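Each of the next two complexes has subunit A plus one more chain, namely subunit B in the first and subunit C in the second.
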Partner chain A sequence: MGKNITVVAAIAVATLLMGACSSGEVIDPAEGNPGADLRAGEAYDPRAFEGESINMLLIEHPFVNSLRPLIPDFEAATGITVNLEVLNEQQGFDKLQADLSAGVGNYDLFMTDPLHNWQYSAAGWIEPLDGYVENDAITMPDYNIDDFAPGVLDAGRWNRELLTGLGEGSLWALPVNFESYNLTYRPSMFEDAGVEVPTTYEDVLDVTESLATSLSGNNYPIVTRFDKYWDLTYLTFGSMAESYGVNLLNDDGEVDIASDASVEVTDLFIDIIKAGSPQDASAFTWYEVLQGMASGRFALALNEADLFAATYENDAESEIADDVGYALIPEGPEKRAASAWIWQLSMAQASADKGAAWTFLQWLTSADVLMQTHLAGNMNPVRLSAWEDPELAALVDTWGSEPGQYREVLEGTAEIAAINYPPHPELTRALDRWAEAVQQSFFDGNTKANLESAASDIERILLP
Partner chain B sequence: MVKTRPVVGIPPVTKVKASSALKRQRRSYLMMLLPALLLVIGIMIPFLQGVARSFTNEKGYVPNPTFIGFDNYISLFTNSTFLTGLGVTILYVVLILAIQLPLALAIALLLEKASPVRRIGRNFIVLPLLIPPIVAGLMWKTMMQPSAGVLNYLMELVGIPGSTWLTDPATALISVVLIDTWAFTSFSALIILAGLQALPESLREAASIDGAGWWSTFRHIALPWLAPYIVLVALFRVADSLKQFDLIWPVTRGGPLNSTRLLHVQGYEEAFRFSSPAMAMAIIFVLWLIIYLSSFLLLRLWRRTINAVE
Partner chain C sequence: MKTIAARIGFGIAFTGLAVFILFPLVWILMMSLKDYSDVIAYPPKFLFVPTLDNYADVLFGSGGGGEAGAGEFRQYLLNSVLVSGGAVLLSLAVGVPAAFALSRDRIRGADHFAFTFLSLRFAPELAVIIPLYVIFQQLQIYDTYLGLILSHQLITIPLVIWIVRTFLADVPLEIEEAAQLDGCGPWGTLLRVVAPVIRPGIASAAILAFIFSWNNLLMGLVLSGPNTRPVTVGILQAIGFDQVRWGWMAAAAMIAAVPGMIIAVYLQRHLVRGLTMGVGK
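Moving on to the complex of A and B:
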């Protein structure tokens, strides 16, 4: 149990929100407290919204598979019908955006994340949840919001002030899992090549080159996502850049992605990919990484999501279940840094069945139900109580090339995981532009010029 | 008297005819009024609203959009991403026409002649048209994967080095053009084939009597006859290619880099990824102008070719 408490402590401080410069501009300070008066004065009744129906948009993720078997229990207990629509990440976000911007409320609830919620909340498309959480008439008596890891829960708060105010203001979402980034490797391939698990990014390049000489056929040394979208610069390459002291904005609030350190880390990242990834590496999304690694084609996944372990360790979905190990994300010259990603659930402002939607949302994010999803592969837990559960601890303890390896790596990662970017509705556009510059450098080698051009565009986007 | 009766009787008859023709004309105008109103309400009003939005600073997080004149358009034409997209869009259309028109003509000629391949070919040629472009795109994307796709596997079997296909900016656009060619050339071929079958046999016989060979008959009789059909195909393909989206979005989403980011893709991204409907409408309006202008010019050319045939 002592080990579990260590994890609890690490997660509790995880994803502390980074400070940022402020533009001082509040988008729209006026906001009510919806949900606070719903069924005012009445006692909590799980069947209060019986007969209603809600639609939920989900993104393909192990969380979805862990949730599906539980839905009938909810429907039987509440009399509410739940319709799920599951899409892949890009299609899902596009469709959601169209629905939210049109204000039609086809989806009452949906999977989201802080980055997208900065758009949705700024536009007034989603419902602040504080009023619902505090309303005893519609919230089950044993719903414990204080059980969420504070940093993880607060990532769902924003006061809608541009480039600052994360963790303050209204609560726009409730978390369902949390991920950070690590190294996932194949011990047998490393042993055959006679190499050790890398601890710095320079080591990663050396190990990749060594693996390249020992692997043959359709096997490759390294895999990481490299499509030209925000997740590259927000999460995986973003973690590496942070460890080289590269930030989107510097302390003076200026765009700072074309510094010498930025050029150095971009070139190193590209060298690593060129040394050990297939030709089509520039089109890899997280999905190709997960599938590629699970199929056994790759020796090392660089800075990829730690929660992929639930798939890697499942021998029904993975070829590497008995040959996979985990290590801390590499260290850069400045520090060891890891981004944080939190999958959350939000409610559409245009929802016509908010009472029913909240009934489902609080049920799904309750400690018992989340615990069941974690045991079915929804990692990593966001409630502190989940980490104290012996069944979950026993499951996680088997993951890795030696007992307790995954948990040990997670503890280390949780201490450094953070959201490293300031909130802004157009951050996805800015990060897309940075990712495009990284990818362009992969093709033409003009790293400095590409980053300077991107910096200039990002300045127009974020600091007009 | 006998003669005068009809003379006397004519004017009233003419008046009745004129009056009923007028009524019929009025009725037909009235009958057209409803569709015209629906057209105005259903097409023109949203279109004009969209154009009006392109002159505002509307964004998802801007609470009260204001009129900003031509700022969005000035921003577009000083933005390298838009200009690149404009260039890629034009290049895409040029490649489509350069590859698909000769290919469609060749297929039509092949299917027109009585040969063993004719019957089988006529059945198979419609198959790509039955597959939705999104499905066709995803199918080809899988086959074009450089490290695990069947195309490179087959090419390497016969000693041809594999291609990077959709994953390299240098080859992505031509790869998408090839998918488009697979999906839509049969449509063009069928139209040209219909034109070939409408060619009067007497013209061919006359040419044959004069001793003209296949090439001479094709060059001087079939090709001029087919000119209106070919221009019609070009008109369809130019309009369709300029607004191509459903084939590109699932295959490359405009990448790698901006190598396949046509204007329609840019407009979609502005509207649905970046919550900037004003900028999206500005892009789409520019695209509409290009489509309108090119269609207008091709229609004029089409009328000229018809006159030439007549």
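Moving on to the complex of A and C:
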């Protein structure tokens, strides 16, 4: 984290320095309609940008391995050369920010997500894609953008007004997969303890306490990520808080994370962890969750990523492949809520080969090509037509404790999965601070005071 | 009695310090020899069946992350050898004459120049990395060995100049004067007379410069791409989407330490002190 902050600081300094040296002209890609006039009036030709070369920065993810074998087909069909660079998440985003902030355009295309894109689009570093999508001269005839799940596609839209306007305005990215959050449990351990799969968070605490008495040795009732990082408050605990009616901002636009409901849900979350997780649970990231659950040490993974199922169901990587079940995320007093994480692709505003970059982007996000990536492990699908494919349906049909269970839970989750936070370039800083307060309360029990202190810090971050 | 007690105390302190320093290295070595289930076992295992699978995977398998192709890590090693080796050679070629010129107050304000070079060491790389990235893109030396070698001069030149300069301060002026009397110019004096005398200084500067260059992460992350990715960036690719491949990472770290050790052992024989003792008498 320290390194991250210093990198960001350096980028800020360098950006200021370069800004001072440049002509002071601000390039706003949202002006006009980029891509709309490219090859205007001509028919779609996949070889229109033959001979050009594009660079793409990817973040380490099963999507990357599913994409790699398909690249030669694209290169043969279009005559465009595609160079991939793959880095892990932190390094990848550090390097991407260096490239985008300097306006170099070394990477024509890159993997991203709504949170990062709120920074990039606010700064004018990325290209709005509406003009490209609508331009028949550069987009394949059967592209069909309406086939994307509306909520998932709209997560790429933002009108760049702070704290509002998600799903409105320009389209900054196209999705390639999404994950949401569910309960993953071990049927055998639940049976031994004589407990049912919980449907509310109060049930989760009861079940955890029962499991704690029945499990032996190194086995524990529950696992969930609990690091001081924005993914806690954005995704996992964030889903739980949302179902208790806790919002980052209330209707009057004030930071509202220290409300009575927020204190209640935070205390319940902490009680659940204290009742059923190992002592070092406060340092758990998604790695510990995935590996811990796959190793068979835990009975229940609370509000964790549904696509971890691909690992759990693979008996080469998991001890629980024949003893795992899935259930909908629990319900809170207000509603059942699940966050969504969406991996997307965006185009750099500074790219010098936008025609070739778009040719690749629309090919990659077309129904056929996305389907090939899904079959090779890129989950979950973002196009509505994907589940009509019998091969894909068969792939996940055996997942879960009974046939079709994973698919059923996924469909139920898809109905509620949403991005529950208002768009803001500094949102990760605010959510980091909130996560810190939750964790602090785990150690000192002063939930109300910790949340109030975080709320006032977040106010300074988001509402200057 | 007092001596024995002192010895025992010293022994305990020495052992404690040795354990403190060596434990992380032993831990990494052990981790590199464990399979995945032993690595994540809790409580940690000290007795386990060792395996060389991690080493085989690093050297002959695919990269730690999503990079395709076998033996990627060997390419990272080669990249680092070329970049760090090239950076040290260039720094010696430039830095030793610079240190010589700066060592005898022949230049007005020599100390200021020397300090300016040293300041490159304590100026954070982060302050220059983004401008360098932009310049390298424009000059088209991004993701090239030349670009990385040039950028590493920020690390290696100050080290060479300052270490060599300290050694030059111990070289008696008389031997330089003797060389000049025999007809040597400045270059002749440096190469034929002074350089052999300060060989230990050059060797230690080379070792340190190589190690600092080898360990650098930021230049490699920002200024290299898939073609010149160094070992430091390569090791971090063990942090994947679904797991941190600790065994792979530990084996890669052990292998990555080898070139530095070889350089140190090779150059160590030059680290003979006292070559100039009594020269001026």
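Simple rule for what comes next: the second predicted complex is superposed on the first by the 430 of 464 C-alpha atoms of A that agree within 3 Å, B and C clash if a C-alpha of one lies under 4 Å from a C-alpha of the other, contacts with A are read in each partner's own complex, and residues count from 1 in each chain.
The criterion applied here is as follows: a residue touches a chain if its C-beta (ideal position, glycine included) is under 8 Å from a C-beta of that chain, and two chains touch if they have at least 3 such contacts.
Not measured: the values here are computed from a predicted model.
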item: Which of subunit B and subunit C A:Q119 touches, first, second, both or neither; value: first
item: Touching partner for A:A98 - first (subunit B), second (subunit C), both, neither; value: both
item: Chain touching more of subunit A, residue-wise (subunit B, subunit C); value: C
item: Touched partner set for A:N218, first subunit B, second subunit C, both or neither; value: both
item: Partner chain(s) touched by A:V86 [first = subunit B, second = subunit C, both, neither]; value: second
item: Common ground on subunit A, meaning residues reached by subunit C in one complex and by subunit B in the other; value: 90, 94, 98, 101, 218, 278
item: Subunit C residues touching subunit A - in the complex, by the definition given at the top; value: 37, 40, 42, 65-68, 124, 126-127, 129-131, 133-134, 137, 142, 221-222, 225-226, 233, 236-237, 239-244
item: Sites on subunit B touched by subunit A in the complex; value: 59-61, 63, 80, 145-148, 162, 164, 166-170, 253, 255-258, 271-275, 277
item: Subunit C-touching residues of subunit A, taken from the complex the two chains share; value: 6-7, 9-11, 13-15, 17-18, 58, 60-62, 64-65, 68, 83-91, 94-95, 98-99, 101-102, 104, 106, 218, 278, 287, 290-291, 295, 308, 311, 317
item: Residues of subunit A that touch subunit B when the two form their complex; value: 27-28, 90, 93-94, 97-98, 101, 119, 122-125, 218, 227-228, 278-283, 425-426, 428-429, 436, 439-440, 443, 453
